[in-house]
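Paired with chain B in one complex and with chain C in the other, chain A is shared by the two complexes that follow.
Up next is the complex of A and B:
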């Protein structure tokens, strides 16, 4: 077996391998590598979509470093990421545990929980605008507050909508993870006299480690790149209180035609996401080893 | 697995290589209009989607094509929020539509990038630009002029008015036939009209163009400017700018919320006054069928400061033709046809959009009060700064206005921040 694995490939095998890999390589080069390299190049230029990009070196990065609006946007993004991901995962797990058990009613409830996730975001946003409007449902349930028109409330109002929208998706992922766990482990825990809460924290949660990792990586990268909810619900306002980094990037690129500066923001965001993803995967690997 | 002969592979690749140029050739060769040949061929026209407008323009396109059967107008109605982005992409890739209807505030950016063609008087049968201008109302081309060059034909031409709720005035013991004529009166009446969650004047917040339209009469009426376009300096950190900012910050309640902003609050009667365009006469009944123009709400000319000159703010949309248009002659021909007296009248009646041709205010559909007020205000209407960096500059204005009205910054600090932002943007 070892002999077979280590023998060198014949010319025809190598060509076949290259041919099979070609579509993936072409796709990666055309749609990932080239745009990323183009963005990296543009980040060192001044470009407004007309004429030729003008080389400005590190000027865009210097501007970004000195720009209060950029740093305000970074703070909003971090707040948004932490408070969108944390509560979403906790709520999703709490909801998923009872729903993972078999039964027709539970299957029906799983479908129900998933509805917001499949709703078009535009429609969902209009719904939440009505809920948050003066005299709307939010005022009726929680008292009159300037949900979308006060900087102190707007980010939380946005987060509530985002959690509502995406929690169903993570419920389904956790349900799948829970259903894949072996029943023997839980039976053994029950025989040992472990109560429900103890079983949950000492058996269920550790066994769901891989599901957690997947959910955290997907949720954090999704939240850090999130643009549409803030764009639709608050347009980044009031007074930029909900201007997440991708929205700041979008405004610079498509509203102000500052593509060089916007590319620099994109590169910073990309680097931050890569660092996060590598750290995450490194932790998983060391855990597995 | 059967091996594919190398010859077949090469043949396939060659065919694939040929396919693209052949496909490109397929779309060429269409006839285009000229003075000699007359209007003909396809014209691709992009405009923003609005139900009443779409219906009207579709009907007009059909009518035009019956009159000029060699022409095919291909309209694309784009959601308003996506129009500029879609246009920018089309211009960048070198395949813009022939004809576009855009907000005039974006003209400077497009013109500075050489994306749009200057208005050709000859295509309108005019001997000169002045002759063409004489066919339109005073000030009609002001918003469509960049560096002394006119680029388009106005449509949806508006000057803002003061809209007020007659019912709210009556409830507060005020005479609904005497709307405030000065900004000082607006504030005074606003205090009387503020009870509980109801307010007097409510600005349209969180929107660039409305930030400018609401604020411009205040600062310009005091003798200031938002931006001095010649020097490239912001004009808020001046006595006039700060006074205007402070006044702006005292009106209304920024914490009130509605899915359609200040329009919705006015339609419900939550606010008693609104600074808005002529379209408000049809928008408010659409939002609240109980609101009737002349009974529930009404319009007045935009107020001025006591003892100061009158200043109104205005905006216009315009028909522009791309510099790289494939069929510019026919595109301008269609615009000229749309600007005929009969079409202007039908357009105003069907959509509420004004094309300010000379004498438009005497047309049967322009007998309403708002149209007459618009005509009265036109000579002193200012369309705001004409800058390639308009969007970024006015976003900085919006930030300044919001920080003041939300009490996050004193007017002086917000003014200084705006002027610093303008210095950076226009550097």
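Up next is the complex of A and C:
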């Protein structure tokens, strides 16, 4: 009797579970698993959307390897990633330490500093188009310069906007990490007579290791996939000076209809992201052992 | 000590003011009657409502706004429904296909949208779904992050509550809808908010999947504002301001859900 009851319960559990999970399973197969395999296949073909993909083996990857525009795009992406992530994290941490302390005013400031991060990216980028226009805010504050039309300025103009957009997000994440730390640690350091700067480097930073890892993974993978600022502010120009990899991919697929070559770029981008994430994962593991 | 604290506070206020300067300038520019002063520092009259009126009556802007509202709402509601069901099943039920679902979620979490974008575009163009609402909605019906968030939250539901309901003879679906869903509310709101904001701000997919202007959304309209009206910065900025208000309002209302979604996995174990 008990046996029958257990069996019938598992049966209904299995049916309910499969029913609840089915829509998600269908979705992930149709929109992620199969397309990922298709992208890998397309990367070995020549395909312009008319007709059928033509198998070309490693030709797309060979072309990419020999293509100066691809390597220029890799350099721009690396520069963009390093200078978007580095300054953002340093500024965020320096601001978060005093901002994490209690106080009504500080609570207000925490809310305000987060606003740019909550704004939609497209609306924010459109605003920066005006800021960098002739006679705009950038000209008014820093003197007239060809912010978006000179290849020496454009990438830095993009970076200033990106740092402004995201620094508040990391301030909030660091504040949450800091508030989770015990106040006793800082009291002990203060009793030992440690100066603020010493406490910061020898106590605060090491204790925030976990938050750092999270922030670096999110920031780096985000920067490597960034498309909107470069697409809207400079279209990758001038002379490809801001053509980050996602934009290079987009241009090849949707401007030149080189879907095979663009798929190969996507696969390379994915491998780069996975290698980075895997390295971070290994570092966390070795850190915890 | 007191002086140094005051100086720190002053520096913090200075930093926040610098962060908000572009926003102040956004309001100034959106309120300007023309493009004669683009510095965005001084108000020259206050034409914000005239500008918004002009945008709303001139051209297709109301249509873009409606498209954005429709698509972001449809996507976020459907995503919550599918993610809630899958996340709960993953956390609390044994069923055939459970391992497959878990693997699929992990695969989707580790892939970048850039990889699947081209094949999905090709497939939708084959079945004639480009330039259609279903083509703009279908690729975002569920999300790995949504399933994952709900699963994490569902793991925290006390086993006794589900067990008691089973002893009372409630069916598994009844338990899901009447007991689990109300308890999962915070996680569901987080998913709803994150997905709504993501879709409201989605530029790349409508850019490639909707060439017909009837289907354009706000990000697409903002990105090619110049094409339609010539470069009219004060109107473009007013439109941009209009596009950032709903997310800011949602954020103000649902702040704690937003932050919990962001920091999940970062601070807590």
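Keep this in mind: the second predicted complex is superposed on the first by the 257 of 289 C-alpha atoms of A that agree within 3 Å, B and C clash if a C-alpha of one lies under 4 Å from a C-alpha of the other, contacts with A are read in each partner's own complex, and residues count from 1 in each chain.
Here, a residue touches a chain if its C-beta (ideal position, glycine included) is under 8 Å from a C-beta of that chain, and two chains touch if they have at least 3 such contacts.
It should be emphasised that the depicted structure is a prediction, and the values quoted were computed from it without experimental measurement.
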item: Which superposed partner A:126 touches (first chain B, second chain C, both, neither); value: both
item: Broader residue contact with chain A after superposition on the shared chain, chain B or chain C; value: C
item: Partner chain(s) touched by A:25 [first = chain B, second = chain C, both, neither]; value: second
item: First (chain B), second (chain C), both or neither touched by A:167; value: second
item: Which of chain B and chain C A:48 touches, first, second, both or neither; value: first
item: A:211 touches, of chain B and chain C: first, second, both or neither?; value: second
item: Touched partner set for A:255, first chain B, second chain C, both or neither; value: first
item: Partner chain in contact with A:239 - chain B first, chain C second, else both or neither; value: first
item: Partner chain(s) touched by A:151 [first = chain B, second = chain C, both, neither]; value: first
item: Interface residues of chain A shared between complexes with chain B and chain C; value: 49, 126, 129-130, 133-136, 254
item: Residue numbers on chain A that touch chain C, as the complex places them; value: 9-10, 12-25, 27-29, 31-36, 38-39, 42, 49, 95, 98-99, 105-106, 109, 112-113, 115-116, 118-124, 126-131, 133-137, 139-140, 164, 167-169, 172-173, 176-177, 180, 210-211, 214-215, 218, 225, 227-228, 231-232, 246, 249-250, 253-254, 259, 262-263, 266-267, 269-270, 273-274, 277
item: Residues of chain C touching chain A in the complex; value: 8-9, 11-13, 15-16, 19-23, 25-26, 29, 37-41, 82-83, 85-86, 88-90, 93-98, 100-101, 104-105, 107-108, 110-123, 125, 138-139, 141-142, 144, 147, 166, 171-173, 176, 197, 200-201, 203-204, 207-208, 218-219, 222-223, 225, 233, 236-237, 239-241, 243-244, 247-248, 251, 258-259, 262-263, 265-267
item: Chain B partner contacts - residues on chain A that touch it in the complex; value: 48-51, 126, 129-130, 132-136, 144, 146-151, 234-235, 237-240, 251, 254-258
item: Interfacial residue positions of chain B with respect to chain A in the complex; value: 84-85, 88, 91-92, 109, 113-115, 197, 205-207, 254-259, 264-265, 270, 389, 391-392, 395, 399, 402-403, 406, 408
